[in-house]
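Encoded as structure tokens, the structure appears first; notes follow it.
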Amino acid sequence: MIELTQDTINTDAVLDSVASTEAGAVVLFLGTTREFTAGRQTASLDYESYGEMAQRKMEELEADARRRWSLIEVTLVHRLGHVGLGEASVAIAVSSPHRGDAFTAGQWLIDTLKEIVPIWKKENWADGTSEWVHPGMPTTTCPETDPK
Amino acid sequence: MIELTQDTINTDAVLDSVASTEAGAVVLFLGTTREFTAGRQTASLDYESYGEMAQRKMEELEADARRRWSLIEVTLVHRLGHVGLGEASVAIAVSSPHRGDAFTAGQWLIDTLKEIVPIWKKENWADGTSEWVHPGMPTTTCPETDPK
Amino acid sequence: MNIEVKLFAAARQAANQETLSIEIAEGATVQQLKTELGQQFPGLKTMLDHLLVAIDTEYAGEDQVLQAGQDIALIPPVSGG
Amino acid sequence: MNIEVKLFAAARQAANQETLSIEIAEGATVQQLKTELGQQFPGLKTMLDHLLVAIDTEYAGEDQVLQAGQDIALIPPVSGG
């Protein structure tokens, strides 16, 4: 299951989507919104994506993971729009006959998603400023009246 | 949270127990009952433990994991008694500021739990026989009228 | 030829619009598109070295030749997860 | 001295009881307890090489000396998870 959603991620539904009597192991990863990053306080996040490409890249990730490891089901869900503190922005679940494959594939999926899937995060800092996060690129602080 | 329970594992409660606004990553592992093992069909499992020692060993696992990795919360739940196909016999959840620690600690916890915590599984095969699983020890097939 | 370029995140914000329309020569490469964008939209100039280009939802190399009718997007460094 | 030994899983099943009562010499070690158990309870004999002993809920070495009042258990290879 591949999903980009504006809604809160339903972890029960994510776990149900990978359940199988062939599975001996399920690994679920949740990326959650941390309040402090290097001592700076976050109020919330906003996520934006290039939808068609993000969907396609997530489908490629699933296909690649299935080629590399023995997996039964793979689910990738990424949240878009406004995400509050402590909430999950991404959920990755895999089921496998064996736990080694489930852990390795789960970690590879989140590592690779973060490298290649066209989704962007805006940090809304507690001090009222906000900025798009673009690793390696000089920082831009957004005006509060970002048009989107 | 450390728990040995006769009840179905409530994955929502397990995830809630590790939620934190300090966490950037949550990893949940579920060990689930596979229907086929090396071509042989399982009908169900039964788990038994040396309760006081299992509790103590699980507490030691949590303490060791907290020393080795940067973890916020750690939850270990193991089911006892009768466990049906597809159901979880064990749940391990960790939260951490960073995903690498969450994955590594999660895998170490299940690997080490399976090596040292005094809990035993009885396979109830679909053909009506059953046997205690003791890795490395010659197999004993149980009569159907196991006294416990 | 005229192409439309989709923008996201800080690139969208710098240009203050979601798509740019730009005139490039027939046979222009991704590299040439980026140079042209920097000249016509100064707000993008400091970002260009960090931007990838996607053609029809696939990452494109710098030497890849653009064709009319393709779906073109500027992809700043991603930060999902 | 007389000690009670807790049994689990296949060991419990082989002895058909949850605890065994056994007489061992003062100063006997874990190793000597296991030898004695094999002699008095033939059903356990084939398992002995695979059984660990726990004293007061901690795994014990073969040379550890047993004392009256301790909580003693036979631990067959574990299979939780």
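In order of appearance the chains are A, B, C and D, and numbering begins at 1 in each one.
In this section, a contact is a pair of C-beta atoms (placed from the backbone, for glycine too) under 8 Å apart; a residue touches a chain by one contact, two chains touch by 3 or more.
Predicted model only: the values in this text are computed from it and were never measured.
> List the groups of chains still linked by touching once chain B is ignored.
Take away chain B: A, C | D.
> Hey, what chains does chain B share as contacts with chain C?
A
> Farthest chain from chain B, going by mean C-alpha coordinates, please.
Centroid comparison gives C as the farthest chain from chain B.
> Quick one: report the Å distance separating chain A from chain D, using the average Cα coordinate of each chain.
50
> Could you work out how far the Cα centre of chain B sits from that of chain D, in whole Å?
Computed value for the inter-centroid distance: 25 Å.
> Would you mind pulling out the distance in Å between where the CA atoms of chain A average out and where those of chain B do?
Once rounded, the distance between the two centres reads 26 Å.
> Which parts of chain A, given as residue numbers and ranges, touch two or more other chains?
Answer for chain A, listing residues that touch two or more other chains: 31, 110.
> Where in chain D do residues touch two or more other chains at once?
Not one residue of chain D touches more than one other chain, so the list is empty.
> Tell me, which pairs of chains are in touch?
Contacting pairs: A-B, A-C, B-D.
> Given the complex with chain A, which residues does chain B contribute to the contact?
11-12, 15, 19-36, 85-86, 88, 95, 97, 99-100, 102-103, 106-107, 110
> Where on chain C is chain A touching in the complex?
Touch residues, chain C against chain A: 6, 8-10, 12-14, 16, 18, 46-47, 50, 54, 57-59, 71, 73, 75-81.
> Enumerate the contact residues on chain B facing chain D in the complex.
31, 47-50, 52-54, 56, 78, 89-90, 110, 113-122, 131-138, 140, 142, 146-148
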